[in-house]
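First the structure, in the form of structure tokens, and then the observations on it.
In this document, chain identifiers A, B, C and D correspond to the written order of the chains, with residue numbering beginning at 1 in each.
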Amino acid sequence: MNKVIRTLKLTTAAAAFSVSAAYAEDVEVLHWWTSGGEAAALNVLKQDLETQGIGWQDMPVAGGGGTEAMTVLRARVTAGDPPTAVQALGFDILDWGNQGALANLNDLAAQEGWDEVVPEALQFFAKVDGKWISAPVNVHSTNWVWANKSVLDANGIAVPETWEDFVAAVETLKAAGITPIAHGGQAWQDATVFDAVAMSAGGPEFYKAAFIDLDEETLGSDTMKEAFDRMAFIRDNVDDNFSGRDWNLATAMVINGEAGFQMMGDWAKGEFLNAGKVPGEDFLCFRFPGTQDQVTFNADQFMMFDQGGTVSQEQAALASAILSPSFQIAFNKVKGSVPARTDVDGSELDACGQQGMKDLAAAASSGNLFGSMAHGHAAPASVKNAVYDVVTAHFNGEYDSETAVLELVDAVSIAK
Amino acid sequence: MGFLDINNVTKSYGSVEVLHKVNIAVEEGEFLVLVGPSGCGKSTLLNMIAGLEDITSGEIRIKDARMNGVHPSNRNIAMVFQSYALYPNMTVGQNITFGLEMHGVPKAEREKAMADVAKLLQIEQLLDRKPGQLSGGQRQRVAMGRALVRNPDVFLFDEPLSNLDAKLRVDMRTEIKKLHQNLGTTIVYVTHDQIEAMTLSTRIAVMNGGYVQQLGTPKEIYDTPSNLFVATFMGSPSMNLIRTTIRIEGVAVYAVTQNDRGEEVRLALCAPLDAIKSYDGKDVILGIRPEALTDVEGADHRSSHIESIRNTVTVTEPAGSDTFVATTIGGAECVARMRADAEVLPGQQAEFAFNMEKAVVFDPESENRIL
Amino acid sequence: MAVASSDTAIRTGRFTRTLIYVVLLLFVLFYILPLYIMIVNSVKPLSEITGGGMMSLPSAFTIEPWAKAWSTAQVGVEPTGLRPYFWNSISMVVPAVAISTVLGALNGYILTKWRFRGDTILFGLMLFSCFIPFQIVLIPMAAILGVLGLSGTTAGLVLVHVVYGVGFSTLYFRNYYAAFPTELVRAAQIDGAGFFQIFWRILLPSSGPIIVVCVIWQFTNIWNDFLFGASFASGNGAPMTVALNNLVQSSTGVKEYNVHFAGAILAAMPTLLVYIVAGRYFVRGLMAGSVKG
Amino acid sequence: MSTAAEADFKTRLQNWIPKLVLSPSLAMVLIFVYGFILFTVYVSFTDSRILPFVDKDGQRTFDLIGLANYEKLFKLSHWEIALTNMAVFAGLYIVVCTLIGLTLAILLDQKIRGEGFLRPLYLYPMALSFIVTGTAWKWFLDPGIGLENIVQAWGWENFEFDWIKNRDFAIYTVVLAAVWQTSGFVMAMFLAGLRGIDNEILKAAQMDGASNWNLYRRIIIPQLRPAFLSAFVILAHLAIKTFDLVIAMTGGGPGRATELPATFMYSYTFSRNQMGIGASSAVIMLITIAAIMIPYLYAELKEKK
């Protein structure tokens, strides 16, 4: 028996040796950016590292907005073999950081002055106990509305400034026989809309109290009911076929002029550009009515896993490369989002991108930058999904707004 | 000490004992048949001789070597199975030589041995076929060839004829007997067919319920069964059993019963008084084989003691060479074997002659034979 | 057994027969539909699909999506297509199927021909293992692979698939060998064949049909597995399904449905081939044992 | 055994080899199945969120909280929906698959020309993974672009088929796709069963004047019992493991209408960071499986003894 174990150890040691020998200088990166543009953008990072003599072990796992990747990450960490860097969102980063699984990047951050260039709201998700644990890549803002300009023009609709404007515009489109709102009925899409609607209905204080502080009274307030009522209005103005639709098929409806508006994050821009549309000419991007001054965001970051107490040279090089202005611009140009650091020159970005950068800087300085509930930047995953459950159940007519408010309070308290 | 000794062999599965202290000694060249109904333990015993099942206690010796724990292949035995167990993926030739191959016999020797056996069994033309292409009789021959080629000390046969049709079975039976006579090998043969047992064996062990009920030559078994089980199991039609009461009058011993009119009939037993004295007035079972119960003309004239009873014929079954006649004596259905031309008709009275020399008597309690 | 089938005793009239053919063809339609959707959409330009013509035949035929899916599509940071992952899958599936089949065959052989006390309970334990939902084993399995040093290796993945494949392969072989005459094993024992010789020379040559069933079953399941492949393979060693998933699932990128479908068909090719080539033996194999219970 | 001590080398070897050969499989099953089940049970009694972590100092970063996860679990309307859906899904799936499989097998058994061509067409869905056939189904069932659209385009303007978008019917579309995938396999099992039936019995029954209907109902189908049982085991195990299908087709929607225990467990364990609740749902699932399978296994194995 002992002999068997010894042999086993020998063989595994041999296997481990051969692996580490081959990739001693590599960084392994787990991410879910596998679609054409994103992956190509990430390739910029890879090539950057390769010029420094650092190999890139790619570990892409797509699906479910990172769900699959997070599952794989658990397996890797459990196996005692975490990747060097892992793409992650919001509270997932803090959860891992609080478990002590991540590296301390403070030396590097001090050296490169991250504290000064990264907005504070974003730093909240990149630091634990004052230690940098993660390198932010970009900031998506989620309270955008995308519109087909020719449809709006043909029906004499101006960019709506308020909820009432928006209601009027929707009614006009409906009367004209056009689907007013293109929407994909998936929980995260419903929640994305809900973020903007709640912000618009209750303002930033309300949003913060409800989704960031998880204040029970606010969650159960009449304003929340109003937000759900507005969701019901939106539900009444999507086509019959919305359920389960991918977001980009909804975008296609706007592109093709079948629908007027879509509420979606800034990544939707890629679809328009890909279809050869020009921002400002063929399509419009504007903040959801009533949230012009606010930005709800989610940010992709690479959390850096602890590699045995020290930050290796390769890991530091990777983190540094991620935050370098050149990569930030190159990547975000493709991705549709805006750089995570506010000090880079945005002139290479298109109109929507430049506006995004401007909005972000303004919101950051005026305290109007909030993490998006729908994208896991307002509350932990358990709460986020509890909110998903209620929002999506209500949106699909499982219960009315009044019940929804009660359910929301309940669900959040169970998940907290 | 015999050639194959089975000494006090017991077999249990868990707490259930299925063979109880079996003792059989087989001489070299003997043809021993283990016969009994299914579940009597005969196949288990055979498998234990083969080494296919463990011996719980006791021992088996072949040529005076203890065989307990010896691997089947090291016992120098061969076995023919009920289903023949021919390897379906091998040709007949490969089937026959597989055992030699496993024992490391060189190819040339294997070929020669195979040729010899094939000639002996007249299966030369089949050697390249697969078992699936053979008829039942051919398979039987191949199976025997596979056993013969090993030139074993003991041949074991596990109901080898039961899968053949009636005619073929009789033919193969004769062949096995011939083979035994020509080769003079020691054979242990399991069957549930008492005719096979009678025709093939030099000795028979009748088994039931895990016990050897009787071990003896076919004649002993047939004429003097040691108990009711052996009496009824061996012979076809089976022995007539009539409930009677012993009555001793002076030196004469009578078995008393009723005919089908309810009248008392007395059958004088030719038995030494001492053997039966203690049964005076008690019930016993009189056993008489059908061929010892005949029409008066057909009765064995050499017999010193014939008793006859007039009784009603219920059924007649002409079987060509004989006619079987059924009647009711002492409340029991009895079959008499009469001459083919005996003139009896159902419903009519006929004279039934008992050859009392052949009659046996059993104790109804212990079921053992008294006389 | 196969012979008996060629002549069924049921007789049917002409009308009934027509009806039977109609029903059978309707079912063909039902089964073929998704494949139809996949195929037609894999040979159209993307604009035709997003333009709404998902059900119609392509007006402009192109095989470009196939080429793209195979060799240039982005499944990670490098535009490699599915090609490298195909070989990853092969190098995982072949040993995993082989080992789980051999183990299953040996187990079935032992559980029917070398019975011992408690063997039925052991079999029950193994059979019940088929029903464990894979999601719950991820974390502890990762820990064990880590301890063994097999994390992120093909060998580790093979181990996982063998572990969770052996229950079914044992079931198949046990049911098959249960009908295999025990007397043959006994005859071979008397002939002097040992445990492995009996298995190799006597049972295995007669196991063709059940091997086909077992291999088809294991091959399909292991080839199509995503969860284990994603969790326990390294990025470069990921199997085809993980690559396909990376190709197909992207939350915020452009969706090239035509490439997705071409990729899906490519990924399914080996299993489809196995079914088409071995399909006729499949029913025969099922007949020969596994449905006899 | 009393004789084991004196057994010769070959016999002893022969007694040990089978157990030796069986032991790796057994060890694997004990560790990787039953060990892991115990682990899951343990986790279900903790408040683990991301992982049941043990930090560098060997301290647990989670607490044992007894049955609290189970209490939470049964308060979640979400879990209730998943359970109800499971009952509907598994019941319908098993019954419909069996019916279709049996029907096809019987029809194919009527000396059909082109059987060799039809069979693989019925069987092939088993070969495909749902990662993408799910999309094909989604489109086909989508009222805007799929079946409803086509039929309406053919002129039946009133035709409606929007089940996948309808909370009350969506689960049936999941059943439909699942049936599509496995009914061919079930057909193969029944076909195998039918081919194994002795034709003489059928001829005898026909001479007794049995109609085809009666022949099947009274003679043939009762003889397919082993095939029914095998089909049941395979279908039950597939039903319980159904996961990819739901993820690809409906993502659990509309709303939560097609959530199943497997998707529930996955989402609580891995995307909601509530591993404790995920583990407790897994335990409930395992208990349910055991409650169904153990009596079946017991009956099956006992009979064969």
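What we mean here is this: a residue touches a chain if its C-beta (ideal position, glycine included) is under 8 Å from a C-beta of that chain, and two chains touch if they have at least 3 such contacts.
Computed from a predicted structure; not experimentally measured.
J.: Go through the assembly and pull out the chains touching chain A as well as chain B.
T.: C, D
J.: Which chain is most remote from chain D in terms of Cα centres?
T.: Result for the farthest chain: B.
J.: What are the two chains with the top count of C-beta contact pairs?
T.: By contact count, the leading interface is C-D.
J.: Rounded to a whole Å, what is the gap between the Cα centroids of chain B and chain D?
T.: Whole-Å distance between the two chain centres: 56.
J.: Once you find the CA centre of chain C and the CA centre of chain D, what distance in Å lies between them?
T.: About 15 Å, centre to centre.
J.: Nearest whole angstrom, what separates the Cα centre of chain A from the Cα centre of chain C?
T.: From the centre of chain A to the centre of chain C is 37 Å.
J.: Among all residues of chain C, which ones touch two or more of the remaining chains?
T.: 139-141, 189, 245, 248
J.: Show the residues in chain B shared as contacts by 2 or more other chains, in ascending order.
T.: Touching at least two other chains: 51, 71, 73.
J.: Give me the residues of chain A that touch two or more other chains.
T.: Correct list: 64, 71, 74, 77-78.
J.: Pull out all the chain pairs that touch, please.
T.: Applying the touch criterion to every chain pair yields A-C, A-D, B-C, B-D, C-D.
J.: List the residues on chain B that touch chain C in their complex, please.
T.: Residue positions touching the partner: 47, 50-52, 71-73, 77-79, 81-83, 85-89, 98-99, 102-103, 146, 150.
J.: Within the complex, which stretch of chain A touches chain C?
T.: 8, 12-13, 15-16, 19, 28, 30, 32-40, 42-43, 45-46, 56-66, 68, 71-72, 74-81, 246, 248-249, 252, 256, 265, 267, 270-271, 274, 335-336
J.: Give every residue of chain D touching chain A within the complex, in rising order.
T.: Against chain A, chain D makes touches at 49-51, 53, 55-56, 61, 72, 75-78, 138, 142-144, 162, 164-165, 167, 170, 247, 249-257, 266-267, 270-274.
J.: Mind pulling up the chain C residues that touch chain D in the complex?
T.: 1-2, 4-5, 7-12, 17, 20-21, 23-24, 27-28, 30-35, 37-38, 52, 54-55, 103, 106-107, 110-111, 114, 116, 120, 122-137, 139-141, 144, 162-164, 166-167, 170, 178, 189, 194-196, 220, 223-224, 226, 241, 244-245, 248, 257, 260-261, 263-264, 267-268, 271-272, 274-276, 279-280, 282-284, 286-287, 290-293
J.: Using the touch definition up top, name the residues of chain D that touch chain B in the complex.
T.: It comes out as residues 1-8, 10-11, 14.
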